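By written order: A, B, C, D and E. Residues from 1 in each chain.
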């Protein structure tokens, strides 16, 4: 078998093999790619440490030289297709590493600055009667859980049912309109959602209303489109074969949806819902105008002001007073707690989807 | 499409069992409820914007009328959201690919989780991080860019000395929308039928060619859907942009690295609303209405793109 | 619907009482926090304050949404009418409760003290002077080694009482150099803009050659500018700031319980610091609910009391109002009552 | 309990495309009817109209009538769910539920409809269904493993077990044995012969011998021409069709040396 | 140019489950090798190891060696892409790309290797591939419609067309005709007989007659017992296997009256 890389002339009758590349034709030696990577990294490191270049150009240069070397080498030895494959591999892995940068940076920042206030008082006390140092976020944690919980209770059923309508029932103008306007809804600025919810509650309760429920409604406006969109995408991926299998067993449509379609798509839906929660749990502007701000406990979402972690964190940061450090510590601490809450939610979603995920093995 | 509605055979209507009727009713109701809520938002926006729409030009902040006031905002909104998406979508698709097809199977799940963590970061933290950590880091590269690539309008300079530039706002937005897009796209890739992947590999496709033949087309509608989600988020993001961007009205410019930047609509509302009164307040809502309309138009275009190849949908 | 959950550790056995709600200027937030803490130590009840911004506070006050409000500016004529309508017969009460110097903060490598005349400040913020080693700056800073750095003026991106007060100062102290109209929005484009006081402070800190204006309590270890008043240069201090209010004139014709002041920014008086933010507190003369009326009255009384002003100074870095002023405004606060109880 | 199905002048459309035209036939109760014909002539399409699965394809519709005993399946008051309860189906491509175990797949017809059975009765039913489909021995030790880890033929038999577990009156099978080895095929054919004592069975098959072996009646479908709709060429007793078909096309088709 | 494949002591595992044990056989070039055996005995599993498709199942692995001419397919320097380029495959379940048109489905493999093929050459190749798979007449008017709107048998033939369009050296076919009617089956069998002049062909089939008709060599797989791994019972010339098999199990299996 020749090791030539060019494609031989085509046989006109299709009935003979084309031949082509031999199995072991032009392979980069094992470890060529990792080796190049190490070399490029070392070169970058040397430039940084010895030649005194800045970190960013060094890293960029190392990455670029790795990609270029591996691509040209592979192209020469293995041919353009394999080279493209390697190129994409490098690109895709690079993209992942790139995405880790801000993540690591954010986490390091928040943890290093937020850890200062990880004491018992912080988690058990409210801010009632606190100025200067000390104080806690118990009231804000509860507020966050209650308001986001309510928003989730409102948005998830509505959002999921709408997605179900769109995928399983939706035909004609209504479905088109809903699909379309749900997308439009994703672009509503959070403050506008807050003002809208406030206006709505003013109509019901008169001017100056502040209550957790109003905050939850505002958040729902922001949350619903994410839930609808992600659920819809996941439902669309469920093969029609499965629906047919269920219908053929005389299962009514609604049961088919509940027991076959939803479980199959559940993992994706759970991820979507957590993303939706994550999107709203950090909102400040809409909550300030609807749920307001208070120093103390209020666990009744239908009456009076309620503080959430994000609002608390924001105002501790914005109006710190003279004891700025104490305030900033609280702000970062609250932010860290907020992140931990979302991470835990994320874990819960993973567990849920693990329990119901399609079992492939 | 994956929809499998029971098209009524001939003229007669299918009798529905109560369970079906209730379920169909409730889910249709939810959809309608969303429309009603949205209509509510629209009515709210229009009524609150009305005084500004009808006010004489000199009453609008800036004194030159609504169009002059909103145009820079609109420009800033679009340029930041679009460029953020230009960065985020390819990156998100690449990351989703990495997690589903490149990373060792044993750790792929964990990697997905790590990216999801980015979604756990609230926007005010992105704001704080953007102005305190990211912005200072960009100062030197930005001045390098303006020195060497200054002929590109994006890098015209003069570079900001604090780094609180449009470039940083765009990066922050891109990072914010990244996990949402990644998660949805990743899910679609995981669902790509094994059969189709095998079909591609069996004709001698490399991994990348398999992805191009099977995974990307299958995930196409999800990618667009996810991008729409991301775009919406980027268009509407409020607090992070407000905190990160050094914005001043009148700064219509493609220059991404100076201190003078057009504000975005959402951030501008958040910034100005607390101290806005009368027509000023109505003007802000009017800008919100414009954002609403823009989202509408952008989505119309995206829908048109998706529907063009509906027949080739992956679920069939 | 109330949730049964255990409360915060520090709230166990907290006494109940009436709740009063306020909203308004974010500048007052730290002081409000100090006041409610101090007040609730010896009183029952609950006080909330949403820092939604001055005009938001004024609006919510005039449409009855909140019981009291904080505002960086006094009510304009239209709002006066609205407030009178809301409060009915008792009219409204408007007293300055929070006075705070606005510091000019800078971050210039190698420079840790700087003196600027009002005209120079106006030119800098108007972007007419663009280098720190400009002769005009050098003239008032003999012996300081000024670098050839670009000046980056930092202003508030959001509507702000601080901006309004600062711009008012520029307009009055250097009218030639500052042709812009006074409003709570920064009038010059092209500078570095940042959200909120903290944003300005951060931007000044993060940049080089930056100069900004911010509530003095937040200046931290940044270099603050000594501002030219008459022939001398004054560093900000609470006393110097409060002094301005004493040389300023009360605006007439707004009802006996309204104490609005047009500040004498162009004062040449020795020992005054003219860049000052004066923030008012608004309340009604009359509330339907007697308990609420008493609580509002007591709370306002506490705010302007020597004790309250001291608390605010310690926590928020504000300038205590003078005894003289207090004695003038106290009767207005005392007049708060309830139609029902007929006090 | 078996039912007779009467089809009259049935036209089947995919949107505007007429896939099958003018089919009229009677499907006898207590018998096996086989449908044969070249690929793409509309056998599956026709089969799916018998239990209204057809409706699931957007814009697909039928004209004509399908009457089971005395009920028009497409009558105004007929609920397709009830139709499908009585007329079960096995698909051309195996489609087990990926989220369910083997056991749950078989029990799906009952479980999805929330029919509660005693655990032991359910176990019993699952076992019997799997045995009938000749799958029991192979999976009895991994009943609670997912159904998607099975071989192609195993999956197909799983789907057959699932369909017979709900005990329908009529059973439609679209090439049920195409993925099966001779042993399983025999088991399924035995099953059909057993079932036909009480059920009405319709199968689509490409295997002439199979049609000859198991069916009482055979219908031959063919395309009227390239790009034209499919039609029922003739239907008659199986022995007649395989010995003395009345149509030339039928004879040509079955005299092919294949099976 | 066709290749010989030498398999030695091959064990195939799904994770810890040993699915196929100890297979050794030689697959002759320029011939058709048929693999028969009951469902679930590991025919597909074995076939998939021949072009390393097996590796796609998580945790699946092989022990033993598969050598094509002189290259060990599992050797350290072998790129599975090259393996699959030379050893094409048609799957048990038809799997056209749903997102591509019929034309693009066939052209998919060509486009990979011949980036600059002229439009007319491409059209030509697509047409010839579809003709070889006996599908051309049915689809020539809707080449640019999606491949998923085809009937089961049409989809299967589309996949065959796709596989031969790239002209591999070895063609593996997993029950390629199970969904096909006799006419198409004959077309595919004719195709195999034509191709074997130059290619090495391995098919899995449940159809004994088919194995007898088309293959030169037949291998019989069986389970060693319930729950035990599958094994290659014997492999020999097809005429021998069908007349005088050396193993009792083989005789039992093929003497079943099915096909």
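The rule we apply is simple: a contact is a pair of C-beta atoms (placed from the backbone, for glycine too) under 8 Å apart; a residue touches a chain by one contact, two chains touch by 3 or more.
As the structure is a prediction and not an experimental result, all values here were calculated from the model.
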### Query
Hey, which chain ends up farthest from chain D, C-alpha centres compared?
C
### Summary
Ranking chains by how close their C-alpha centroid sits to the total C-alpha centroid puts first chain A
## Note on the structure
Separation of the C-alpha centres, chain A versus chain E, in whole Å, is 43
### Query
How many angstrom lie between the CA centroids of chain A and chain C, rounded to a whole number?
40
#### Entry: Distance between chain centroids, defined by C-alpha means - chain B, chain D (Å)
48
### Query
When the C-alpha atoms of chain D and chain E are each averaged to a single point, how far apart are the two points in Å?
28
### Query
On chain D, where are the residues touching two or more other chains?
56, 80-81, 93, 149
### Summary
The positions of chain A in contact with two or more other chains are 81-82, 85, 239-240, 243-244, 252-253, 255, 317, 361
### Task
Quick one: which residues in chain B touch 2 or more of the other chains?
1, 3-7, 17, 20, 132, 193, 206-207, 209, 270, 273, 313-316
### Query
Considering the complex alone, what residue numbers of chain E touch chain A?
1-2, 15, 58-59, 68-69, 71, 73, 75-79, 81-83, 85-86, 112-114, 121, 125, 128-129, 132, 164-169, 194-195, 197-199
### Task
Name, in rising order, each residue of chain A that touches chain C in their complex.
121, 124-126, 128-132, 136, 138-139, 142, 146, 206-210, 288-289, 292-297, 299-305, 315, 317-324
### Residue numbers on chain A that touch chain E, as the complex places them
1, 7, 10-11, 13-25, 27, 30, 78, 81-82, 85, 361
### Task
Could you pull out which chain B residues touch chain A in their complex?
1-7, 17, 19-20, 22-24, 26-35, 37-38, 40-41, 44-45, 48, 90-91, 94-95, 97-99, 102-103, 109, 111, 113-126, 128-129, 132-134, 137, 140-141, 171, 175, 178-180, 182-184, 187-188, 191, 193, 206-209, 211, 221-222, 225-226, 228-229, 231-233, 235-239, 265-266, 269-270, 273, 285, 288, 291-292, 294-296, 298-300, 302-303, 313-316
## Note on the structure
Residue positions on chain C within touch of chain B in the complex are 26, 52-56, 58-59, 150, 152, 154, 157-161, 184-186, 189-195, 199, 202-203, 206-210
